[in-house]
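In what comes next, chain A is part of two complexes: it sits with chain B in the first one and with chain C in the second one.
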Partner chain A sequence: MRLELHKVKINKLAWGDTTSVRAGVLTVNKEELLSVLAGDERLAKVDVDIALPGESVRILPVKDVVEPRFKMEGPGGVFPGMVSDVESVGEGKTLVLSGAAVVTTGKIVRFQEGIIDMTGPGADYTPYSGTCNVVIILENVEGIDKHDYETACRMAGLKAAAYLAEKCLGTPADEVETYETPCLKDAMAAHPGLPKVAYLYMLQSQGLLHDTYLYGVDVKKILPTFLNPTEVMDGAIVSGNCVSACDKNNTYSHQNNPVIHHMFRRHGKDFNFLGCIVTNENVTLADKKRCSSYSIKLAKTLGVDGLLISEEGFGNPDADLIMNCWKAERSGIKTTLLTDEYAGQDGASQSLADSCPEGDACVTAGNANEVIVLPPMKKVIGVPEEANVIAGGWQGSLAADGTITVELQAILGATSELGFTKLGAYTI
Partner chain B sequence: MVKEIERAGLPVVHVCTIVPISLTVGANRIVPAIAIPHPLGDPTRTMEEEKEIRRHLVQKSLKALQTEISDQTVFAD
Partner chain C sequence: MSCRRLLVTNNPLLRNAVPSCDFIDGNPLAVLLRSRDYVHLGWILLSHPLYGNLRPHQHPYRSILLERPDGEPRPALDLQSLEYVENALGVYSAEKERILSDKGMPEGVRDDFAVIDAELMKESLSRYGLWPRESLKTDLLKGGEG
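Our next item is the complex of A and B:
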């Protein structure tokens, strides 16, 4: 499989008569974009705004972030099973509006939604303070089921992202990245002497609005399966999550999953990267046992020497992470775990809900309970009062002057367990 | 909470869904529950069946509470 990402760099947004790119400026025809999003009977009102890096703008509560992409050459289309037909993706050419993002906000669906500050101390904690954001503001029809409202928000974000990139087809790319994965027959024979590794990609699937979709399939209903990493770049995995904002893997972070990109970079040098095993995080012990065993069986069948395992969310998914870890290790497969911590506001509490002696190579994306004070912004897009109810906030988080005091948990992507975060550490 | 109550001298039965976490945190008497969003019931069953599920869990828990143990014990069916 060979996929070319044709990246058009975006460093500014503007309203205009046609949606197009010129010299790094993405011009958006607001009326046309709104007409693409119109007609959803679950939504009472849809509006759109712009937020640029460095502006005194706060967006909350943020539901999802999506990178505008569209297929230049197939097969298939972006976000299969959602916006496009369910044809397999991950091959051909894909246009990427790199530096632009669609952000969905509006009346809260569920309390685990996040904050993006485009400047100030909060901006340092979210990667989406650095993107040129087309913000879709959504309002549900009164009395609608929460799941229907979430679906409407999710679809609006995906449609907007596909629309923006489709309108820019034909724009010459500033950069073309090529990713190629051979079939397993060839992959197994390639790079003799290097260890074979795979990526065990855990997806949040607890239900009750904690959902992720693979080719449109609700991931709680799958058994673990093999996925080509380039499929992820075309939007095969879509977030429908209202999980804590800091460590939910929103759609943008799936599309740009740094684990996949870095494993490609080291492929053929440090190891032989065979691909992804996607698995879920379900709510019964039987499901957790079944899917961890099944994942490791797939890893053993592939004959890998090592697995990189990333978690999504926290709490009971820690049990999935740990089962994946010890089942792999006891099968002779080395593991590295990528997670974050809920160690209390003082950092002194137990970081994970579960643990095992085999988990001796663990990377943390930070402590989600750490408290931050976000000074007021000149403009707020969305509903600022939701700061008092979102996860990481509390009654009184929003002060009268617009200052918000919250845990990092409330900031979108602050402790991303894909490593799509600005937090880091150096060994001195 | 389980550990703190036991530290005060009262035996505790931890009814919980994700048994491995209960084992990790050090509960001694563990009764497996149904699912995280509905530990003591099952919305796919009828009200009568759910009542039976709850009764069974409570009776099993009471039995666990009265059972002498020397190590962490999971009271499976």
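Our next item is the complex of A and C:
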């Protein structure tokens, strides 16, 4: 499979008569965008705003972030099973409005949405302070179920992202990235001498509001399966999560999953990257056992020497992470785990809820309980009072002057377990 | 109890919706302690005892699904269930002074917590034949002891 990402760089947003790109400026026809989002009976009101890097703007509560993409060529369409047909994706050419993002905001499950600050100390912790954000503000019809509201918000974000990129088809790309994966027969024979590795991609799937979708299928209902990494770039995986903001793998971070990008970069040099095994994080112990065993069976069938395993969320999903780890290790497959920590505000508590002796190679994306003070912003898109109920905040988090004191848990993507974060470490 | 499957919960929303329910008028730690009692009586955990994505001091409700295996009069102790519930007790006990209570909580926030806890259990309850006797409405919370 060969996929070209045609990246058009966006460094500014503006309202205008047509939705198009010129010299790095994405002009958005607000009325047309709103008309694309109109007609959803679950939504009482839809509005759109803009937030640019460096502006004194706070967005909360944030539900999801999506990168605008649209297929130029190739089978299928972006976000298959959601806004496009269910045809397989990951081949051909895809237009990417790189640097732009659609941010959805709405009070679905109030304690599990996030904050984006476009400037100040909070901006240092979220990757979405660096994107030019088209913010969709979604208010539900009184009395509808939360999952219906979540569906409406999810679909609005995806539709807006697809619309923006579709309108810019024909714009010459500033950069073209090419990703190519051979069929398994050829992949197995390639790079003799290098270890074969796969990526075990854990997806949140604990309940109707803690869900992820693969080709439109609720991931809690799948058995682990093999996925070509380029499929992820076309939006095969979509977030439907109302979980803690810091380690929610939102749709943008799936589209730009740095694990996949870095494994491609090292493919053929340090190891032979065979592809992804996607699995879920369900609530029942039977599911945890079944899917961890099935994932490792797939890894063994592929004959991999190593697995990189990334988690989503914490607490209950730590049990899935650990089962995946020891089952792989005891099958002779080396593992590296990618997670984050909830070690308390002083960093002294146990970081993960579960552990095993085999988990001796672990990468952390940071301590989500670290406290940060976010100074007031000139403009707030959304509802600032939500800071008092958001996970990572508490009653009194929001001061009268607009200052918010919270744990990093409340900041979108602050400790992303895909590594899509601004925190990091370097070997010196 | 003579039933084979049981939900131990302090979530008032589930109290009235699930036919086989041991309702605990207490905090999540009390739910875990009661669940551990059942494990010592030979019951096995069907759901993981830890909450997903919230720390103990960040949510007021906990619901745990258990099953009593065949093997009268008393089945053997399931060591994996015991390990999971003891580990969860360790996590909750470490924060027991801070565990969130629903008392005095704004109604909208309390409803969100109750609905999410119920949503997280719904699939498991359904799979094991315990869901739903009636549809989930937060009005049940307002009825209190219903």
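To be clear about the criterion, the second predicted complex is superposed on the first by the 421 of 428 C-alpha atoms of A that agree within 3 Å, B and C clash if a C-alpha of one lies under 4 Å from a C-alpha of the other, contacts with A are read in each partner's own complex, and residues count from 1 in each chain.
In this section, a residue touches a chain if its C-beta (ideal position, glycine included) is under 8 Å from a C-beta of that chain, and two chains touch if they have at least 3 such contacts.
These numbers come from a predicted model, not from an experiment.
When the two structures are aligned on the shared chain, A:L423 is found in touch with neither chain B nor chain C. By the document's definition of touching, of the two partners only chain B reaches A:I322; chain C does not. By the document's definition of touching, neither partner reaches A:A198: not chain B, not chain C. Using the contact criterion defined above for the overlaid structures, shared-chain residue A:D354 touches chain B and also reaches chain C. Between chain B and chain C, it is C that contacts the larger number of residues in chain A.
When both complexes are overlaid on chain A, the residue A:L13 reaches neither chain B nor chain C. Of the two partner chains, both chain B and chain C are touched by A:T284.
In the superposition on chain A, A:G207 makes contact with both chain B and chain C.
Shared interface residues of chain A (contacting chain B in one complex, chain C in the other): 206-208, 283-285, 288, 316, 318-319, 350, 353-354.
The residues of chain A lying in touch with chain C in their complex are 109-112, 146-147, 204, 206-210, 220, 242-244, 247, 281-286, 288, 313-319, 342, 349-350, 353-354, 369, 389, 391. Across the complex, chain A is touched by residues 45-48, 50-55, 58, 65, 80, 84, 87-88, 90-91, 94, 106, 108-109, 112-113, 115-116, 119-124, 127 of chain C. On the chain B side of its complex with chain A, the touching residues are 17-21, 24-25, 32, 34-37.
Only residues 206-208, 283-285, 288, 316, 318-319, 322-323, 350, 353-355 of chain A touch chain B when the two sit together in their complex.
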